[in-house]
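Quick one: the structure is below, and I'll ask about it shortly.
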Amino acid sequence: MNFDFDSFTLFTGIALLVLMIPATYRLATGPTAIDRIVSINIIGTKSAVILVIIGSLFGRVEMFVDFALTYALLNFIGSLAAARYLHKTPPARGQVGEDE
Amino acid sequence: MDRNKTKSSPFYSWLVFGLLMLTWVVFSGFLDAFHLSLGVISCAFVTWISADLLFENRSDGPVARIKQVFRLAGYSVWLVYQIVLANIHLLKLSFIGQRALQPQIVRYECKLKSDFEKFLLANSITLTPGTVTMKIKGDTFYIHAISDVAAEGLDGEMEKRIAKCFES
Amino acid sequence: MWQLETVLLIFLVVAALLSLKVKDLLSASMIFGMYSFVMCLLWAAMGAVDVAFTEAAVGAGVSAVFFIATVYNTKRRSSD
Amino acid sequence: MRLFALIAVFITGGLLLYGTADFPAKGDPHSPANAGVPGTGPSISQYFVTETYNDSKVPNMVTAVLADYRGYDTMFETVVIFAAGMAIFAILRVVKGGRNPGTGIHHRLDKDSSGNGDHYDIIVGTTCKLLIPVIQLFSLYVIAHGHYSPGGGFQGGVILGASFILYAMATNLKASLARFSEQRFMSLACIGILIYAGFGFLSQFLQKNFLEYGVLQKVLLTDGPEMARSHSMLGVEVGVAFTVTAIMFAIYANLSSAGDLENGKGL
Amino acid sequence: MSIFTIIAVVLICVGLLFFLGAAVGIMRFGDFYTRMHAAGKGDTLSSLLVLLGFGVYQLNNFQSFSESWPVLLVILKLIAISAFILLTSPTATHALMDSGWEDGIEPELKNDKPETNALEEDMPQPKQKEAQA
């Protein structure tokens, strides 16, 4: 049986990108700002995985794994900053945060 | 959090340095003298600026620490099993069982003392099926549960396991 | 590889348009974070590893924080 | 007005796309940039690909190009970042006795941030405590291994600055300024540029050109000018990292507290 | 096709299945708090499985400890990435849920169980809307 792992890897990457679509839908429609923050968190985690996949396609996983590590470590900072923002400002319902 | 509160003991500084050195070797992968000396400089720098962030409770001796490490390893195996259960539960919910959602907020009192144990309990609750820790005020956890079954699952077994890891 | 790059380019255009569309500046900065993620993936897929690393560090680490800190000290809603 | 903007964007975009039609294909070995113009010797890309390792014993060409062949460029990029930090400082910073404290917009927003701090102290605080040393060590790894793998001073400096920002968000601005005070980060930013320029002036002092590191073998005690260039690149990267770290944290501190570092709580 | 490749393919496929579950949950759940369940749990195990799958595939290049030290290193780094995702993802979930409550998003609660919903009165209430000038 002839199995091409590289094609499988490419398929996996495209499948992960397609699975980003629900998160992008949440990012587009909201309804609140915090839904968007959640979807950004998800997209960041997926990006780390996709970077490893791209590394595997190039055959240089040992190089790309550093980027994935960067994402895994730093993705938290953006979410935390947004959470701190919402924690510190008065509730925004009905005034801002929701689109027309 | 502030420097003067935790009394710095040489054992813990060396422990932090050793752990960071191990991490450096995993990151770097070069074992020649030049890179190892760079690693020693980097680890000494990180130990200097933020050694007090690791190991909140510095009263335990080395033997107690080693015991805790082994118990935590056993606990994490159980936790991974719970995470698998949680994902299967989520898969079921998102495809078939959406009408069975019964969201509710449950209060849970815990008896754990230190911050690290509370942190471990809260994160474990988040990772197990159907429950997410929303808020902690003192010893009270407010937990958002997704169904009745999940809410009844909070019977304190996890807390017992965590307490067992840290008893001396 | 070209399939992956095509999908990434579509995501890039969608993210850029979305971040212009929303009026809430906090949401706009979050969507700009997605733009930066996709940009990093695209650089990586093209083989420009150093640029991709810079984009990863700046996009994930500090740029979102700077945007949010700026929004925190001004007002949250864009006027146009 | 929006319609005109849209039309202008479409026309410009169309022209740019039309322009790309004349580009050589990606990675084309026969394009002028890669193969060189006939009759003028090898192109600069060929020179970098074949000679970088012989010149400086650095496997990662990008670092060699940035820190050695185009050292001026990188040095003044660092100065640009420094200038950006200084601009933010000059615009936002509230010096004591200047603007009346307590009237800035951040005080209005900050008034209800006291309650419910428990959550952040336990869960987020513990996670940040576990993460921050690892992030710092990773950033130092990125700086130190700029020769072998992608990375270098700028990326590592940004990650290191992000770790201080994370500490400031996990606790508050005052606690992080107790560790990394304003005086300290401002002087660190200057020291970084001085390290970079110092390597340049040192090589000029030893009867060579500015930033020509090969002559530094007498100072660095290495065998041969190649290793001197390699080690000088590492030193230069450390300088860049100092400046970038300090400026990233300075920008965060000034932005999040609206320049009032003494009283502002940060994000 | 070696045994490591088979294990890798199986792990990656299972990971993709869990990613699919999380994505469908984010799309279909009606309430912010239930969506957080999908986001907080779904991404941890699935990314862990996919990363471990690629780690197992790297074992194909493994010959001996002295020669294949970089391969082991890649696997250790992949495990480190999984550990950091496992650490930060629930924390981000807590922080965002707490912020959502403070921001005044009303949870959809089940109404026919008064004994559990009564506990809600103990909760710190969402801050009232403030009329901004």
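To keep things simple, chains are lettered A, B, C, D and E as they appear, and every chain counts its residues starting from 1.
By definition in this document, a contact is a pair of C-beta atoms (placed from the backbone, for glycine too) under 8 Å apart; a residue touches a chain by one contact, two chains touch by 3 or more.
This one's a predicted model, so the numbers in the text were calculated from it and none came from an experiment.
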Farthest chain relative to chain E (centres taken as mean CA coordinates):
D
Between B-D and A-C, the pair joined by more C-beta contacts
A-C
Using the mean of all protein Cα atoms as the middle point, what chain has its own Cα mean nearest that point?
A
For chain B paired with chain E, centre-to-centre distance based on mean C-alpha positions, whole Å
15
Centroid from C-alpha atoms only, then distance chain C to chain E, rounded to Å. What do you get?
21
Distance between chain A and chain D based on Cα centroids, please, to the nearest Å.
24
Rounded to the nearest Å, the gap separating the Cα centres of chain D and chain E is 31
Check: chain B positions touching at least 2 other chains come out as 27, 122-123, 133, 135, 137
Within chain E, the set of residues that touch 2 or more other chains is 22, 24, 36, 70, 73, 77, 80, 84, 87-88, 91, 94-95, 98, 102, 124, 127
Going by residue number, chain D touches two or more other chains at 109, 112, 116, 119-120, 123-124, 127, 130-131, 134, 138, 142, 150-151, 159, 162, 165, 169, 267
Can you check the complex and tell me which residues of chain E touch chain A?
1, 5, 8-9, 12, 16, 19-20, 22-24, 26-27, 32, 35-36, 39, 43, 47, 50-51, 54, 57-58, 70, 73-74, 77-78, 80-81, 84-85, 88-89, 91-92, 95-96, 98-100, 102-105, 126-130, 132
Under the definition above, what is the set of chain A residues touching chain E in their complex?
1, 3, 5, 8, 12, 15-16, 19, 21-23, 25-26, 32, 34-35, 37-39, 41-42, 45-46, 48-49, 52-53, 56, 61-62, 65-66, 68-69, 72-73, 75-76, 79-80, 82-84, 86-87, 90-95
In the complex, chain D residues that touch chain A
109-110, 112-113, 116, 120, 124, 127, 131, 134-135, 138, 142, 149-151, 159, 162, 165-166, 169-170, 267
Which part of chain A faces chain D closely enough to touch in the complex?
62-63, 66-67, 69-70, 73-74, 76-77, 80-81, 84-85, 87-90
Please output the residues of chain D touching chain B within their complex, sorted ascending.
116, 118-119, 121-123, 125-127, 129-130, 132-134, 136-138, 140-141, 144-145, 148, 171, 175, 178-179
